[in-house]
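This is the structure I have questions about; it appears just below.
Letters A, B, C and D mark the chains as written, and numbering starts fresh at 1 in each.
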Amino acid sequence: MMTALAALPFDPAPVILAIPAAAAVLLALVPSYRVSAALNVGACALTFLTALALLMAPRIAGPFLIVDDLNIVFVVLNTFVAFTTSVFSASYIGHELETGRLTPLHLRFYHAMYQALLAAMNLALLSNNLGVMWVAIEVATLTTVLMVGLYRTEAAIEAAWKYFMLGSVGIALALFGTILVYMVAQPVVGEGPDGMIWSVLMKRARDFDPALLNVAFVFLLLGYGTKVGLAPLHAWLPDAHSEGPTPISAVLSGLLLNVALYAVLRFKLLMAAHPGTLAPGPLMMAMGLASLLLAGFMLYRRRDIKRLFAYSSIEHMGLIAFAFGLGGPVANFAGLLHMTMHSLTKSAIFFAVGHVCQVKGTQKLADIRGLTTSHPALGWGLVVAVAAIAGLPPAGVFMSEFLLVTSAFAHRPWLALPLVAGLLLAFGALMAKLSGIAFGAPSPGSDKVKASYLPMAVHLTLVLVAGLYLPPPLVAWFRHVAGLLG
Amino acid sequence: MSEAAFATRLLLNGQLLVALVAVVALLALGLLGVAMASRPAGRSLIYGGALAVTLVAGLSALTAIAAPPAGIVLPLGIPWIGAHLRLDALSAFFLAVVNLGGAAASLYGLGYGRHDHAPARVLPFFPAFLAGMNMVLLADDAYTFLLSWEFMSLASWALVVAHDKEAGNVRAGLVYILMASFGTLALMLAFGLLAAGSGGGYAFDAMREAPPVGIAAALVLALAMLGAGSKAGLVPLHVWLPLAHPAAPSHVSALMSGVMTKVAVYGFIRIVLDLSGPPDWWWGIPVLAAGGVAAVIGVLQALLQNDIKRVLAYSTIENIGLVFVGLGLALAFSANGFPAAAALALTAALFHVLNHAAMKSLLFFGAGAVLTATGTRQMEDLGGLIHRMPVTSAVMLIGCAAISALPPLNGFASEWLVFQAVLLSPDLPAWGLRLMVPAVGALMALAAALAAACFVRLYGIAFLGRARSPNAAEAHEVDAFSRAAMIALAAVCVGAGLLPGLFIDALQPAVAGLIGETMPSQRSVAWLSIIPVAESRSSYNALLVFGFSAVSALIAAVVIHRFASRAVRRAPPWDCGFPNASPLAQYSAASFAQPIRRVFARGLFAARETVEMPPPGALTPARISTSARDPAWAFLFLPLTAAVGAVAERANKLQYLTIRQYLGLVFSALVLLLLVLALWT
Amino acid sequence: MIEHAITPNLVFDVAHLFAGALVLISFLMLYQDRLYALLNVFALQAVALALAVAWQAYAQDAPHLYLTAFIALVFKALVIPVALHRMVARLGIHREVETVVATGPTMLAGIALVALSMVVMLKATPAADALAREDLAFALSVVLLGLLMMVTRRNAVSQVVGFMSLENGLILAATGARGMPLVVEISVAFSVLIAFIVIGIFLFRIRERFDTVDVDALDRFRGGRA
Amino acid sequence: MANLLVQGTQMLLVLALAPLLTGLVRKAKARLTRRRGASVLQPYRDLARLMRKEVVLAENASWLFRVVPYLVFAATWVAAALVPTFATGLIFSWSADLIAITALIGSARFFLALAGMDVGTSFGGLGSSREVMISSLAEPAMIMIVFSLALVAHSTQLSTIASVMLAGVGLRVSLALALVALLMVAVAENGRIPVDNPSTHLELTMVHEAMVLEYSGRHLALIELAAQLKLLLFLSLVACVFVPWGLAPVGAGPSAMVLGMATYGGKLAVGALLVAVFETSIAKMRVFRVPDFLGAALMLGLLGTLLLFVSGIL
């Protein structure tokens, strides 16, 4: 510990929590939205830099916080996407103010909530205590609920309410699971806080009562799975994505889903550590396939562009769940890679969609046509982004899908077929919608995009490069984590 | 073996280096295209650059056919595998085809591109497309292969939707990208099996060392047929092809039809003949069947089309069918222990690959020339172009004769070889094959005859007779670049037709690499004729036949002009008592196809013709309207899409449940899982 | 009787008694068909929960649990029911409990659920000590019954009640687990959650939105179907 | 050297005999229909007359229209010159096997059909479209016949086939089928009754004549001559494959050559007579019955081939 601190002047983990928390309070006080937007970006940048410092920090597992390879992957990714999103939102939200959809007061609230959400998510990722993790995820849910309802339209409230109710039930189930985990641990590690410290549980997992652990996992899978948006628990996701401000859609798809997934993975590790338990793999694969196929079909009937990509998020979460459920070094690697790529690509897509909705003044797919003609840069950017998310090369998604499909077919041929069918289904729907959006005679609405394309460009560049070349340290790290995930 | 593989892997020879540089250069040109698209100089820069690069790459690939294989591993792609690249005889041959075809297309583009109204949507993707095809041929591990394969599809898709304002192009692009992705997924599964056999090694070397066995091998064959077949245009996976190929700009159509389908053939050969180990005795059967069916259905559909480029696209399906017949024979022979015969069949297939690349590119260039000159692709609006566009119509005549397999041109040479291979097949032990092969031979013969009919129709309607529209009457010959490209390809058609022996010999390294046996060398044969097996058995000398008939034609002409009359008088054609009939009174494309439509297309294609005859005395012309369907759409894809739509409609109800009902879903999921736990022990 | 020494046996019995009472009251709630009655029964359950928690506090002598018990008593047994009473009056909500499935079948389903949770738990926890194990089975039943109520009742208030009884089950389980940390925090967090729900209902006049079946409303909200 | 001589003689021989054969057929038909008929030398006279006449060219006829007659004539002549008639030792026989010969005839038809569409009258198109429809069935049938022969003789070389047949392969069902199919194809290829009627110019029925309707003068002469050569070619083909007796073997002496010629003449005469009898004894069929006729030929050919394939005896 001391040597570690000597190596690094400070311990980054608490800082990562402190910055957004403080920023949240601060932003709640700043009146001018320009200042607050700038502050928001600054805070996110700081957080991201500190998160990078984590890479050098020692892997610690204290009573409150834990830093291991698994959550570093998530933390760095989260803070990065949060940072780019804040840049996007700074240029985006101003326009909302001009069009009068929002008031300065709203923006104050919005920025405060943004930071609060980040704080909550980072806490969920870093906390070593399962109870704290649960509380953090609940707080994250509440903040996003408030932001989804930000526009106060009938539809927005409807969406927020749906999200809220389903989220609360999910939270409740997750809590029951957490309690059960404690009860499993309590006879082994004794009463008191230790029974909820993940690192402690991992050490003693072999002595736990497997049957009760199974029950616990069922509740946790359903509880946090609701947050991940796995079918049939996904109902809140499309509406929440389509009715909230676009940056929030990006954050939801790019970050919150990952955080919930992370929670599921933590418990999967716990299950994997005990030989006697019911293998969590089949459950995750089943729900993953269900999400994939359901989303694949749902995509065809979409009329709202944001809801379209929300369903695509469900599809990809299904893929990731399937990958982790399949297990094995290759599939887990594919899962991690796919999760990273999905976060980057999907947030990039939502950036583009945000611009599109602003220039076209609508979210209806029917009214968005011929973008490559009316807004070449934006249009082709969207084409690239959608091609990337659809798994066309040279995007990193292609690599993860390649690894996933090949290894799945090698090990479980009969699962690979529905997997491939789902992929093709979703691909078809996305491409069909894309052809309408990007090509043909342009629809009215051709005013310039004021916001900057930078965040989108950065994300897409990363994604495209990833398909061709992954830096060795990243690979080694992913492979290690993949090994951990068993 | 492994040491050998390793040794070759590290060896980087000049040709491979050239190929790599070419790929990089083409990609760079693509990026440059993004920047230069708007400038006028951009066109000549991009096409000129592509021409130079592909020409060099193609020539160096030609020299690489006979060279020992070379390979290299780059730190790209899947991290723990790396990007394996390899240049052996087979890939070298296909590289030559791809790049020379690409060179011709670039040359053509130099002139043709001038008429393109949306260069910004073509220039960046054209070199990228070429680069993608090159990468596929160089790839030596599954990931690199599929990445390049899909990249090729993506680039060509962008080119298909380049003119997205024209009706149907976007839909064509959609169908294309869907089928392409289907094929890629099929190949992904195939590679999954191959890799599983070799313990997760995605490199082709690893796969070669542990080929699949039994059911796995059969699955690989099936998946390869689905994957490569969907790209090559095997029936019934061909539906995208007649939509997409015509939609693209003509020089791109030429690339897609003439060259990209060959890359698909390469993929099939690589997977089935190289990676899947020794074939089973029956492997030939499905391949032969697919080939024969594709040949006949393709050419029949071609006969029913009125759009020149669609005719050409369907005829591509026919020729791909012929190639697959050759491959099927090669599989059957090599599986049943007749390597020599297998070598003959494979040579025939590869030779036809080369020939079709040349002819079909030539024909698409011609179609493009007609399009620029008249602004239409509809045969019904053309006619009499032979007077307006002498060069184009001359080279088109060569192209049509070649693809109709007329001696002494190249189409006949390769088809003749396939027939010779068919005639060797009675030696095959398996009954299934014995019944199969002659039937497929008959299908081939039928396809050949129908192809002749098809191109008589194409050429006769579009280039002969009288102009059917003002545009056709006003047509002008196209620019020098386009003419040069077409003449070059026509020269290839004639050359390969007259001297097939040289080409056959050049192919042997590739054949030997796959079959382990070669055809007898043709260089030694007297009079440059070709003898596939033995002289007593069969031989063919195009040069002699050509000279023979040329001389006799000359003699006849000289004698007649010298001793009989040479007088010529121009007069109106015999009008049967109805003076100055309008050009519309000529036989139209639809009416020309009528007999064949009635004979062949009634049942499967549901070809119908309705004649609306005006009442006596009315001045309105009588109209005949014809309709035909593509069975693949009717019986496979439309029902499929309908099914997906229906399920989607059902599933869509889930979007409109109430919160209570959603909670119900969660609840039932919970209860279900708890029940599972309760029952699970 | 106070000076009677309290045997583990007695501890077990009393805890069992309270837990069983909670389950029983859950059934009572399923049985109600009037909103007011439902609210009263819910208040009763809250009281029962408070007693159960208090007993656990006594039995495990974990003083902080008394706080949880207190919260349960005040917040759930008094504040919320009263608030909901007034809301029903204020918003003029239909006084009937509109059921999707008739009461009889619901009860049967409830019984099945209790049986299920018994099977799951009893086969699950041979190791855990008897007290916790019994409580756990009952808690799970309460959770499932609460969920069942949310699923089978149409109008908002009864669904909120369902949710709260679900949460009662959670608290019961949490307190049943010896020395479980964060119990108080969790109960507070949940109270906040519920407060949110109630306020939400009140602010946005959500009467039936739990169960909208108005199709053109759906089209308006969700960008249309098909 | 001798072979070169044989080749030369053969070329001249076929050229010389072709009109005579047609004349024979016409004479025989006339006799069979109780007419005196023109002399057997009439075709020579017709050709000479046409040669001397001027060519009347349609206004918009292209260069193709003027080149085609020579191409057609040359292709047919070469094809005819490669079929052993009286001796097998043709020096160029190995330059084109039976498949190539079929293809040569095919290319002749290809260009003739194009020429038919060049002027742009409805008759030409009508003829061409029907011609290609017929050939689209006749050609595969021919290929099937070639297959059966090749499978028996282990070769597609006519001279080899002929010598094998000469050596005697005994009676074969497959060969019988091939023979019948070959006769049917020959009828179709030469546009004889019942497929087509060379001596009518009725729009509804004519095929070959409709294609060449615009031709006149020397062009017409060449095309007529080509047609006569084609008839000769098919008769010699039947003769050399199915009744090869009398063919002079390679490097035979003059006596054998003379004998060969004599027998060849005899075969031709018999063939002409049979054709005449056949044509006079049946009626022309409707155009859309022709596919059935040729389809039957194709099936017979395929059947023969299948028999050979399945009964591996070769």
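Throughout what follows, a contact is a pair of C-beta atoms (placed from the backbone, for glycine too) under 8 Å apart; a residue touches a chain by one contact, two chains touch by 3 or more.
Note that this is a predicted model, so its numbers are computed, not measured.
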For chain B and chain D, chains touching each: none
Pair of chains whose C-beta contact count is the highest in the structure: B-D
Of all other chains, the one whose Cα centre sits farthest from chain C: D
Centre distance in Å when chain A and chain D are each reduced to the mean of their C-alpha atoms: 78
Centre-of-Cα separation between chain C and chain B, whole angstrom: 69
Distance between chain centroids, defined by C-alpha means - chain C, chain D (Å): 99
Centre-of-Cα separation between chain C and chain A, whole angstrom: 32
Shared-contact residues (touching 2 or more other chains) in chain A: 161, 165, 169, 211, 214-215, 301
Touching two or more other chains - residues of chain C: 120, 123-124, 147, 150, 209-210, 222, 225-226
Pairwise chain contacts, counting only pairs that touch as defined: A-B, A-C, B-C, B-D
Chain B partner contacts - residues on chain A that touch it in the complex: 161-162, 165-166, 169-170, 173, 211, 214-215, 218-219, 221-222, 226, 232-233, 235-236, 238, 278, 283, 294, 297-298, 300-301, 330, 370, 372-373, 376, 387, 390-394, 398-399, 402-403, 405-411, 416, 420, 423-425, 427-428, 431-432, 435-436, 439-441, 467-470, 472, 475, 479
In the complex with chain D, residue positions of chain B that touch it: 383-384, 386-387, 397, 401, 404-407, 412, 416, 419-420, 422-423, 425-426, 431, 434-435, 437-439, 441-442, 445-446, 448-450, 452-453, 456-457, 459-461, 464-466, 527, 529, 535-541, 544-545, 548-550, 552-553, 556-557, 560, 564-565, 567-576, 581, 583, 585-587, 591-596, 598-599
Chain D - residues contacting chain B, complex: 51-60, 62-64, 70-71, 73-75, 77-78, 81, 92, 94-97, 99-100, 103-104, 106-107, 109-110, 113-114, 116-126, 128-130, 132-133, 135-140, 143-144, 147, 150-151, 154-157, 160, 203, 213-214, 217-218, 222, 287-288, 291, 298, 301-302, 305-306, 308-310, 312, 314
Touching residues on chain A, where the partner in the complex is chain C: 129, 131-132, 134-135, 138, 142, 154-155, 157-159, 161, 164-165, 168-169, 171-172, 175-176, 179-180, 182-184, 186-187, 191-193, 195-196, 209, 211-212, 214-215, 239, 242, 301-304, 307, 363-364
Chain B contact footprint on chain C (complex, rising order): 100, 113, 116-117, 119-120, 123-124, 144, 147-148, 150-151, 153-154, 159, 209-213, 215, 218, 222, 225-226
